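One chain, chain A, appears in both complexes that follow, with chain B as partner in the first and chain C in the second.
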Partner chain A sequence: MAYAYLFKYIIIGDTGVGKSCLLLQFTDKRFQPVHDLTIGVEFGARMITIDGKQIKLQIWDTAGQEAFRSITRSYYRGAAGALLVYDITRRDTFNHLTTWLEDARQHSNSNMVIMLIGNKSDLESRREVKKEEGEAFAREHGLVFMETSAKTAANVEEAFINTAKEIYEKIQEGVFDINNEANGIKIGPQHSAAGGAAAGGAGAGGAAGGGCC
Partner chain B sequence: MDFFKSGLKTVLGAPEAGQQPSAGETVERLVNRVENSTLLEDRRDACRALKAMSRKYRVEVGAQGMGTLRQVLELDRADNETINYALDTLNNIMSPAQFEEEEENPNIPMNIGEQFTEMFIKDHNNIQLVLDLLDEYDFRVRLSAVQLLTSLLTNRSKDIQEIILVKPMGVSKMMDLLGDTREVIRNETLLLLIKLTKGNANIQKIVAFENAFDRLFEIVSSEGYSDGGIIVEDCLLLMLNLLKNNSSNIHFFKEGNYIQKMLPMFQTPDDAEDLGWSPQKVSNVHCMLQIVRTLVSPSNAVQIISSCQKIMKYAGLLDSLCNILMASGVPADILTETINTVGEVVRGEVNNQDFLGNVMAPSNPPRPAIVVLLMSMVNEKQPFSLRCAVLYCFQCYLYRNEMSQASLVQTLLPSSSDVSSLTSGQLLCGGLFSSDVLSNWFSAVALMHALTENAAQKEQLLRVLLATNIGSSPVSLLHQCTLLLQQSTKVQAKVALLMLLSQWMSYCPSAVSAFLKVPGGVGYLVNQTCSNEHDDNEYLLQGLSAFLLAICIHFNDDSVENYSKDSLKQLLLKRIGMETFSGKLSEVTKHESYNKAAKHPQLRVKAPGEILIDYEFCKLFKSLEGVLVESLTVKRENGVESLPESRASPSSGALEQYKSLIRQQDARLQELTQQLDGLLRQNTQLQSALNDSLASNSHLKDENTLLKAQVSAATPLNHQAPAPPSQDDAKAKEYEAKVQHLANEVAKLTNELSLAQEAKKTATEELEKLKKDQEDLLVLLVDQDAKLNEYKMRLISLGQTVDEPPSEEDLT
Partner chain C sequence: MPSSDSEDFESADEGQTHTERKERKKRLSSSNYSENALESDSGPKETSTLTGKVEKPKAKTTDGWDDFDIDNPEESNTEVKSKEPSPKEEKQPKAKEETQPKAKENVKSQDTGWDDFDDWGQDDVISKNEMEQTSKPVNQSSNQQQTDRDIKEVTDRLASASTKGNSWGWGWGVDSLLSTATAGITTATAGFTTLTSQVSQGISTVLESGIGAPDPEELARKNNKEADTSAPKVEDTKPDEVKAKEDQPNAGANDGAFPFGSLLSGVTKFVETTGTKVIAGGLDTLETIGKKTMEVLQDGDPGLAKKRAMLGLDSGDKPVLSQILREAKAKAEEEDKVREEKREAKEVHYENLFDDFEGLVHLEALEMLSRQVTMRIEERMRGLDPEKRQDIKETLQQVAELCEMPEEDDEDDEPPSEGMSKPDAFHEKLQTATQDLGLKLVFQPLVKQYTDVLDWLDSSDPDIGEKAVYKRAVSSLAQCTALAVLVYHKAAEMLLVKPRRSTADEADALTQMTVVLTKHISELATLFTEKLNSISSENKEQINNHITNIFLEAGNSSTYIQNAFQLALPILQIGAV
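This part shows the complex of A and B:
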């Protein structure tokens, strides 16, 4: 339960590129071929370990549809990391990256780590965007790049964890102001959480004792 | 006031003597001044004057000044004072409340604030202007802007929510104000956020994303948790808004370990009992309980409920709640709500239910908390809402928990345990037969929940015997309930008993037959169903009686002589008629009480008189209504046997069918094999007969050839013979006779041969036919074999073990 840091992520990108599936694969380790359209924003969470430290990831999966764009903008500011996702089998989703990036840069804090993700790498036969193109775009805009498959789980863990590593490094370098929660980073309540757990255990123990009588 | 008047004078100039300008004219001049004056001071003074007039003359100020005022917000941002006046003026004209000053003026429409709001928000940029002013650090400006937004939201919440949602950083800006060190602003922002988040899931999610829960818990803890003031209540109300019907936020709340953070709210210091609860504390705790209930509300998704329940037990929240339950000096309405909350925290979660079952009340002697609660339920002096809460809590305790259901029934069964201690079962029985009709109802429904979806307990409860009078022999509980049903004059008691009996007897043929044996039971039901009284509650009673009667027919195992399935059906058709019967049955679902109860597991009635139908009963009724009507209308197909199976497990009926089919096929297979054996034997016999005849045939042929050779050898001799006729005449004659004899013999043999050949032919034909038959049989056999295998597979897939039948290969 106790964690050293808590990072807030958002997942953005065109509709249908597999944002919700990436999240589901990461939090539940399963793939759901048919997924309802995300309405507004959905929430997911998981614990990871970096450098021996427990880090809690809180992930907000946004709706890709244009109609929800203004709603999802509200989530940029408070996020420490963003996964910008496109679909390698749909060129248009790649073409829209610039718009997404502008939007994100405009509304987020300048330190937000953005990871570019080309999803659906299992559909090699229908590929429309070359891996090199993704790499070039990432290089040009200073993003980390990765191709993933939410279906086969290839690189999904890595995508989320590498983003976390990047944020973690920035914290070590002192780039992030970790005391400002608007950056999407929280220091874990380690001491208080441990105390709480102990109290909870004691309460349960007492209750069990009461049951015996 | 004088200063004020002089101020007005300086702004407006001296009024012309003897002529007081009307309010409209004054406003017009002020608005002109705000709009046209080049001096900031002039504009500021005019704004101040407008603000002063806006409370009494809001129609005039609003109608003429709104455009100008919004212009001020845009152009005079540099001057906080002017902005502040403009904001306050706008807030006054759009205020949802009525001012004292305008009470005497009948010309002001009631919804004037709303009308001006509508005008103001026509241009979405106006909202943006106000939102931008939230960034202004000046105390007055910020406060006025927050108050103006609150007024706007009060008047037109849906519209403003949608506008703010699409304004970048709109919600974020308001969230930032929660961190304002000036408490007044923070508190006003709380009110604003409560209005903003009401009923809009998207805004709720953004507010939660902006660390709302952290901020709110910080405020709550700094204010002293439940002992804090109204600010704590505001924080909790906002949390409640964020969580209500918002599964994403509930998930976030759970994942963010906020459930654990609620714990201090429920920890009441032990020594504070005598101090009593302040009204504010009552409100605070009430809100906290609402938050807990929102997390585990039965209307949430099952996974969410269950994981929240687990955390609540693990974190010790359930423990704290139970402590409140057992503490003294807790106000009645808090106690009631705590009981409801404990119920929902344990509902359907076995570990939590066990925990509740083991809580002991600090009474002397110590009793289980459940028993103490039930004592209040059957005590007519307790408040009605408390008694309802106990019933709900008890239902939650029994919900989907066979162990707790069994242990309740166990307390009613004759056993060696200490008789003197009071048990839940005894309390319920007492309640069932008490003179207080509500106790009857509560007890019957509570007992009914012990039987829900639990066949074993239905059987067990049949064993319960009651000692009615000293000296007379004990009667069964079911018997007593049936008698009570006939004797009772109170609608609520009758409804409760009918519900209990329906739950008990459904899917339980032995309970049905026990009921049928009670004298007068069936007659009562038939009479009730036929009864023709016109009253909503009478209709309900008739419908419930019809329902129970149909259960008696449907789940009848024909074990009671006079009331077999068929005779009861005849009785129903003759005495009541199918039409009337289905009409009465449908009355149940038409009743208001049924529709209310079906909506939510918790009883939601205001007055004791309204209490009639229970949620679980609605579920039972819904699931059985169609089945019962169908079983009465459709001609019986499978007989009685199919009934118990149809509910025990839907597959067992089909299984039985397959079993009998396989048995039939086994028999047929054996029969066919025997036939085949017989035919094979016949075939070999014929074959040997044929061989014999063939052999004799060839033997005859040989003989024939020999004879022919002999004949041919004899003929030349005959031809040479004529030369010496006289001498040879006798010889010739002799030979002729011999030849004649031989020819005869040949003819005879030929005849014989053809006969044999014919026999052979028919034999071959017969053989051919048999061979063909055999082939057909083999094909049939293979076919059967395949079918057998298929059924075996199906059986296996249905979970039956199949013994290897004697293998077919051996048979063939």
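This part shows the complex of A and C:
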């Protein structure tokens, strides 16, 4: 599949907040109520279009279990975007956000776009964390905020795509050096072949594309 | 016209016609003449320096034109005299609008050159009288022929210009006039004089009234002044001028409003009352106009290099439309071909397929883990005293040795147990190999993929093309490799969170697993090459090519798998230190 850019995302957050379900909803548009625990990291990918450009989102869905914490930390590096997820029906998942955020900031590049997501918005009756609290936390830490439901798919697309848009804007502004793969952005094979309107242009090629022909 | 002179003339002439056309277009853009005159002002102001350039071709052209000047006795003094001042005169009508004093400076020189115009004015009114004068050149038949050619050329050009683009704005009047003129010249030489004079007069009238040529009225007045001071010379023309002054205002004054009225009336008159003098005058005017336009165009663009380039007039790199189209078509075809080839190549491109099956991202993740763990080991060693560090180094080395791949000369495995399908046997081998790993690894995807491949090979149409088999072979190898890499990645992650490590067992298990997987890869490759060989195709060479490629990709797959294994080594090692 030809793409102009590849963005690497990571999904982080406590176990059971619905990270894998969000990914499944975004990539397969389906919801699976019973899910195996994620081991280490799982992957998902989907093509989106921003500003007429094909962008491949390569999503690293990390394990939320404490035991995998040291492993998942090594995956933060080289991510362009992160979805930090908590469960609106479990206050402890919200309380752990600071730790997650510190982890993410420490092990990733400083330009990484972080989207705060309060998942399970369909379970309004069991809500423990008010939407305003999420908003306040996001404002305080300079994050984008959104409440989603992996079950009903509410805001799922938006969460992933808005993050991509923000990354894309940062590329346009020159904040991200697309030729540095540590930023989590790779230039697609098609893009580099065409010379590319974006800065840099050819050269990077990206491991993903391989040196086609 | 073989002489180099005539060539020069032609080029100069060409310049004129083109520039003329341009001038017309320019005029078209603005309905107001006086405004236009101002616009083109900037050119002539500096022409005094530029004229030198124009003069060169001009001077040569006079070879052919000399004769015409003879019939203007008052002009025949020197050629240079009559030619040179003309550019300056160009200034005249414009300067009149801006700086009157300057205009007066030029009065004298201007006069000599523009007598012709006045003469036409006379012709307009008292053409019969002028016939006496014109009779002279008519007799000069040799000159006539020369003129014939020259004029024909001019008219041809004009006619072609008119047919090429009706947009030049002279309307049907001149268009039809010119084409009539051309036709007349080519068909009937007898009527040549009439027609050419008609043309030249028509043009001169238009030019007088429409282009930046001096206002006849103004000229007449100037001439009057001149006549007062140097009376004897122009005595006979003086009354005519006065008459012209009376008759011609419509040409000058109405220029913007209706220039063609005078043109047409002038033309009709001249059909009856022609004279070669008129031709000469007309051609002189053409010359003057051409000269002037050249000057305007050359302003700031010596040699017209830029404008020629812009118009694509340089014959050297003159683009030919058909040529361009042909090239574009060829280019497009080439691009299509390349794109098609690329698409084809991509379809069976191992690395792309490996990426699509998430093999690459698992390898990347495994690499990250591996690097992280290596750093941790190094960190651990740094804090130790040299003796212990040496111990650890030895341990690491031992683990690495455990993970060395056994020799390839392994005795052929015992055939799969009775009643067991190939995929099941494969699964069992993997299970056995990883028994001591202490992890619950999931091999189902690998087994399922194997099953799918076997099914496809069994069920596929025997007439299936070699290309399809090849595609499937590469795809299967890439998929199998990706799934294998996933297993290594998962194993590494699970080992890292494993509470109690038994490095030797783990190393042995992973080594065995690697052997099973690489053997499986060759098994897949063999299955597909057998399938290819079974295809009865006349294209043996192609099939051999495919077989070679399949074994090549199989080797590629084994390399990926062994790389994954090597990446897992630090994860095994860290369990021992």
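In this section, the second predicted complex is superposed on the first by the 190 of 213 C-alpha atoms of A that agree within 3 Å, B and C clash if a C-alpha of one lies under 4 Å from a C-alpha of the other, contacts with A are read in each partner's own complex, and residues count from 1 in each chain.
Operating definition for what follows: a residue touches a chain if its C-beta (ideal position, glycine included) is under 8 Å from a C-beta of that chain, and two chains touch if they have at least 3 such contacts.
This structure is a prediction, so every number in the text was calculated from the model and none was measured.
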| item | value |
| --- | --- |
| First, second, both or neither for A:Ala67, with chain B first and chain C second | second |
| Partner chain(s) touched by A:His107 [first = chain B, second = chain C, both, neither] | first |
| Touched partner set for A:Gln58, first chain B, second chain C, both or neither | both |
| Which of chain B and chain C A:Arg77 touches, first, second, both or neither | both |
| Partner, of chain C and chain B, that touches more residues belonging to chain A | B |
| First, second, both or neither for A:Phe43, with chain B first and chain C second | both |
| Those residues of chain A which chain B touches in one complex and chain C touches in the other | 1, 40-41, 43, 45, 58, 60, 70-71, 74-75, 77-78, 207, 210-211, 213 |
| Interfacial residue positions of chain A with respect to chain B in the complex | 1, 8, 40-45, 58, 60, 70-71, 73-75, 77-78, 107, 181, 186, 193, 196, 199-200, 202-204, 206-207, 210-211, 213 |
| Complex interface listing, chain B residues touching chain A | 165-172, 201-202, 205-206, 209-211, 214, 248-249, 251-252, 255-257, 260, 263, 313-316, 319-320, 354-355, 358-360, 366 |
| List of chain A residues in touch with chain C within their complex | 1, 39-41, 43, 45, 58, 60, 67-68, 70-71, 74-75, 77-78, 207-213 |
| Sites on chain C touched by chain A in the complex | 342, 345-346, 349, 351-352, 355-356, 358, 360-362, 364-365, 368-369, 371-372, 489-490, 493-494, 496-497 |
